[in-house]
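Here come two complexes built around chain A, the first alongside chain B, the second alongside chain C.
Here is the complex of A and B:
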């Protein structure tokens, strides 16, 4: 082989990497969703195989436990749809802001402050006003709290262009500290837990604390679907999200839209906080929201900001969380680390799938050179084999060293 | 090619180094144990003819998983009780771990009841209000809560003493604890004998004595609650029963599990001249500080001999197995469960681990076996009012929930309710700090 050819090849290799990414121009919605649903099923199968290897159960058994944990009894079905509804409501709350490219990660704090204000009303007014009045007052307090926590960063963003991600994140911590402080005032000694309060609880429709949340979730989903797709407000949000300059050009008052949309976001978070506090928990602690404000961001993203698709996604997320925990309980594992790991793995697979829906991998085209190139390739292959053999050698040495 | 070769070599070296590290860490230290015999007159009920249905289900709620020594103690006991009764852990136990002291506990309890559990057990103090909530909802299921204080009340009373008139304590809600102060007293005697040995061998340095020539010992506590006060006082009385001229300093961490703080507190006490340390907190912080400084240590909740072979003396702990068996048996027989069950030395609930043969003084084992019998038979009382004073005066009266608890010459601990309520500040013990709630701003000696 000649030197010239060899150097030409090296040059080519240096210029063209093994693969590169191309953003997909067009992928039909149907195809994209087929890929997504396929990935979700794959991720469930994958973690069940993973779990079955670690805990020596059959994968079918694992899947059975998973679905048993979510739908095994009437109570579990109710709890499942209740949790799914709450997560969905929070995810819906963050969606209009995201659509506007306002990166609000403050849902956690917005929900927490609303739940907290609901409990404040229950704590101080409980037994003094009628239950009905208390529910109305605490709902109003929750709405105001949620809106305040969302609108404050929005005003700063609209007027002074502050970074909304950091701002909303910090608001989460403020809410957390307020709750912590108040619990210390209410419960100066002991375990630092406020026992469930008996006043101002939402009535149990159908004998449980599930139906209210489910109904509210359905109403908000439909409302937001119509709001985002068919209303003037929804259109304005979309335009501001696409380009603020365009929005300004066609006469949209951008600061006003930002504040108005975040007020809506905050209000929906307020509803979620109110449902958690008055409808389910009847108490508040720093774990009341328990990360659902952040999980909701995942749901909103994976659902492509489409309220109906987000329903599917919150279903999947809750199925994974409840399901994997139940698998651990049934495998007799006395901690739930592996449940968290496998849920994480499943999410990762789903997120990676989003990447492949958006980008296409183009591999380097095979070198179609003239004849002499072939032996060259073969030679390289041999060289690689030599390399692998070498690794094995090294490994043996390594294992001897360990011993 | 060279680059790739280098990468491969680097990987192999890395793997080898990690492997060597693991091999080194697995290396067990040598230690010798003196086996602690079980108490000779155990009052163990006979469960051999108990007919437990095959589909019987026991539900358990734990604050953390097996990684916490506190919860592991419960989980091990639950599994042992289930196996001992001829049941299977896989089929008859539903164990929920990492259940926070929030509504999560209520949700978990409700799910367990819904799964058909006839008796549900929770292991952490803060689970109580949520267990009460679930107990009200499922009157046919027994709810047993370790370390709680409400089962004897009619209405729920929170830890600050506020009574919630709207929450009734139902008859299917029960509390349990153990007379662990007796175990700590025995562990204190082990420490006292070690201390005497050190004094006899002139191993006590000048800075380890106070101005009056008293020998200093130290104690790392979690919070300044009755549970901890009862614990360190009984341990101190055990030490002082052997070495009368002892004084103790206590440093609180403000957390049940905080390795750094427990270690800092222990180091603070060691630097102040404490010749021996014990603790009531759940991490390895204090034992490891003792091992580094070569100061003898009395542990809690389990033996730390593997990690600390040169300083570990003994550890006391509560064995929950008898209680778990008891509640299963009562539930199966449809008989009432005690509202306030108290485990004792005689029930096999208060136990000591094996002693460290290399560190304890000669004759220790014989002595504590003897004292254990006296405690169990009631001829020796830990809080004998002859052995301590408060404000230089003998204690003649102390009220707990409107009842006199100082009678017959001793403080009746854990008799009114199972949870500890001894909270007297006796002479000879100084507190470096006092902490009643979790705090971020902490120092081992800031009041």
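Here is the complex of A and C:
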């Protein structure tokens, strides 16, 4: 068939770039997760070495402090799981929207407004109705608040295609200003902080405030897992996310799905806000959510929108935040700047690893083979079938990187 | 005539990941010839040409231009070797004129300030000398003062020299672009090769064929001797193709070498001197066009004997299944994309729709499917399960249409963007049509069964039914989509460009499927681009141009030229006039 001219085969080493980026055809889920877990361990080691260099401690000491900070005492374990479950709930909340490619970064505001509404109910109804009734009323208020903050941008997106990222971001600021304003009204003078309210607090199950959060987190995780994977709603969300044209083509009412999904998203944020206000803080301030709405985005992405994987990721994220803070405390540093820097570095490493899961770096082969690895005809025919798709993938490299 | 080699490829191999796009390809192109590169989709034609044009770099092998080995790392290198490629998708700036597009990106000639200063000094000195020697009384003409040499003061010379760096800067920033005569050079080239084009026209006012002409002139303007055209005829009408071929022959006569990538056999036979056939990335053979025929070329291309006949049965018991009347629709800018379209699709018959790409075919099918907003007009479906009772489909959503019991299947043009979800597997894609059944939770069992049936019956090549459809090749993606649409036992089947990008075997599978549906009494609407296929497959062919129906012809008696003229919006009377005109032009040519 082909007249082999081996003499004409020459490798052009010097003229070609040193390496190519090739999109991976297929990577098994197991292998991908092995890379991710490996990267997480590496990132912990990396920041401990980094910290040890800066503070002249041994890296093992640093790792010890890190875990002591997270699990050193009963109280710390309590706080750890409480924070982890709240973060997980918020991450779960943003996931359906992300699956739909609705880039909702307004979880911060959605949680804050529902925490705020919970406190509003406690502030004005506290002592006037029974504790049980107050809990129900404030939960409803929290759900409505969270949903409203998510559904308003969704309606604008669905009807007029406004940019949801900017819209939800602005909604965060609105929530923030409402809280600031109310605190000024409630506390015209003094510290400018609302003291914890004694009414309508969630009962402590099992002696700690973390148990309720953990139970709720488990329920929502399982619910969302089933919802996304086995329900018609979840399927519709996936179709709308992948291609709105296809959704229209098969008769899905796209605006309806967008609004419905964001209502769910907002409601779960509402639950998180309620747990924070009624279960943990019993008060509200502009730091009530403290950036967890944004960290949740990270958790959701790193967990590949899989609720079960997100559990692991929220564990890692909380371990890093609490752990590095404890390292700072033990190193006698009064502020947490370096804690934040090292957490950021660790996150960055974890995010970069996603790139290597998607792309393979191929270095130029230095061996001058007589024949390249050419499969026999049968195999080649099969390969050729997938040919066009693959070449397109190659071209996508630029656009994929943006993600 | 002695043939000299313009380009020679030796042992070119290019691998993308695991896929071998080109394997050990040897190819020669002579001066002053037209070489066709023939091959099915995915056979590596474009990849090979991209390596000559500097888009890709070969993994292995050598390229020789005029007998010397060269390294082509970028399109710039290719131009340095006088190689130019006209891509399938044009790369033009819409708001610029043709001429500006052509000179865009041109390097400004070297501008040496010192040399230029010398030149000005010498020029001024010469003129001053002439001024001194000039005797006005010897020149007595009325306008003689205009011709009289002028005296340049030393300060003027100094000023001009001092300004030179700024002139250089201006040139570098292409202020010379504003020169009024900038298009003259381009016009010369256009005249030389016989292009008919208005260079002052803006690109957005141009037809596809005109844009292509601009691309070709652009390449010639940069001095290319070797031109590569990637599927140049795919978007043209028969008349435009003739015009293009005329120009190509003209260029050949001027000694240019031309490579034309195509998979249309009749064009290969018409235009080229030699044909190089590629199959699955390998070079099968290069033959002289005069010594081969279409059947032989097809066999080389496909690798086995194929019959290229589509059997067309007489439609029986044809009833109006879908009646469209006076359909008008506007696009987002308020321009009519469908203008008073009326036709009927009959059961047991294939209705072809022909037209230049973007004449409203997509909007027409989407309007019927309930996906495009209609301004006025009627769409009526005669329900065969209900004694042909008419059902109004106008301004209904796809869901409402389905709930009315109308079994309308639609294979859209954009397979992965509309018909399927690329990232989902076969089973989930089957489910698109059926997921609504049942309560709350999804039933994946019957879609899985359907997927398995389709894979088996239509011979879809896929690792499993749980592979994302995006990873399948074009032909297999289309089989999955058509298979799903047929599985719902439709009474109307609409297919937009169902064989675009498919290899010959897959194309014939699709034609057979459409024919089977026709036999079953389905009203099939087939939007196609290959007129030969439309004429062979369809019972009737409706031609649209700019959203208007310009004619409906019988597939059994239609001829390609008539359809071509209808595609450009000329009625049959105008055709005759046009024919006469061409005749006159030809005669004029002879007179000269």
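Criterion: the second predicted complex is superposed on the first by the 341 of 403 C-alpha atoms of A that agree within 3 Å, B and C clash if a C-alpha of one lies under 4 Å from a C-alpha of the other, contacts with A are read in each partner's own complex, and residues count from 1 in each chain.
FYI, a contact is a pair of C-beta atoms (placed from the backbone, for glycine too) under 8 Å apart; a residue touches a chain by one contact, two chains touch by 3 or more.
Since the structure is predicted, the reported quantities are computational estimates derived from the model, not experimental observations.
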Practice task
Based on the superposed arrangement, let me know which partner A:245 touches: chain B (first), chain C (second), both, or neither?
Solution key: second
Exercise for the section: Mind working out whether A:231 is in touch with chain B, chain C, both or neither, as first, second, both or neither? Expected result: second
Practice task
Applying the touch criterion given at the start, work out whether A:23 contacts chain B, chain C, both or neither, answering first, second, both or neither.
Solution key: second
Handout entry: Doubly contacted residues of chain A, that is, touched by chain B and again by chain C
Key = 383, 387, 390-391, 394
Exercise for the section: Mind listing the chain A positions that touch chain B in their complex? Expected result: 72-73, 75-76, 79, 184, 187-193, 195-196, 198-199, 280-283, 285, 287-288, 290, 328-329, 332, 334-337, 383, 387, 390-391, 394-395, 397-399, 401-402
Practice task
Flag every residue of chain A that touches chain C in the complex, lowest number first.
Solution key: 1-5, 8-12, 15-16, 22-23, 25, 230-232, 235, 238-239, 242-243, 245-246, 248-253, 372, 374, 380-391, 393-394
Problem - Residues of chain B that touch chain A when the two form their complex - result: 1, 4-5, 8-9, 12-13, 15-16, 19-20, 23, 62, 64-67, 71-72, 75, 89-90, 93-98, 100-104, 106-107, 110-111, 114-115, 125-126, 128-130, 132-133, 156, 158-160, 164, 166-167, 225, 436-438
Practice task
Would you tell me which residues of chain C are touching chain A in their complex?
Solution key: 10-11, 13, 15-21, 23-24, 26, 41-42, 47, 57-62, 71, 73, 280-284, 369, 371, 397-399, 401-402, 410, 412, 414, 416-424, 428, 431-433, 435-436, 440-442, 461, 470-474, 476, 501
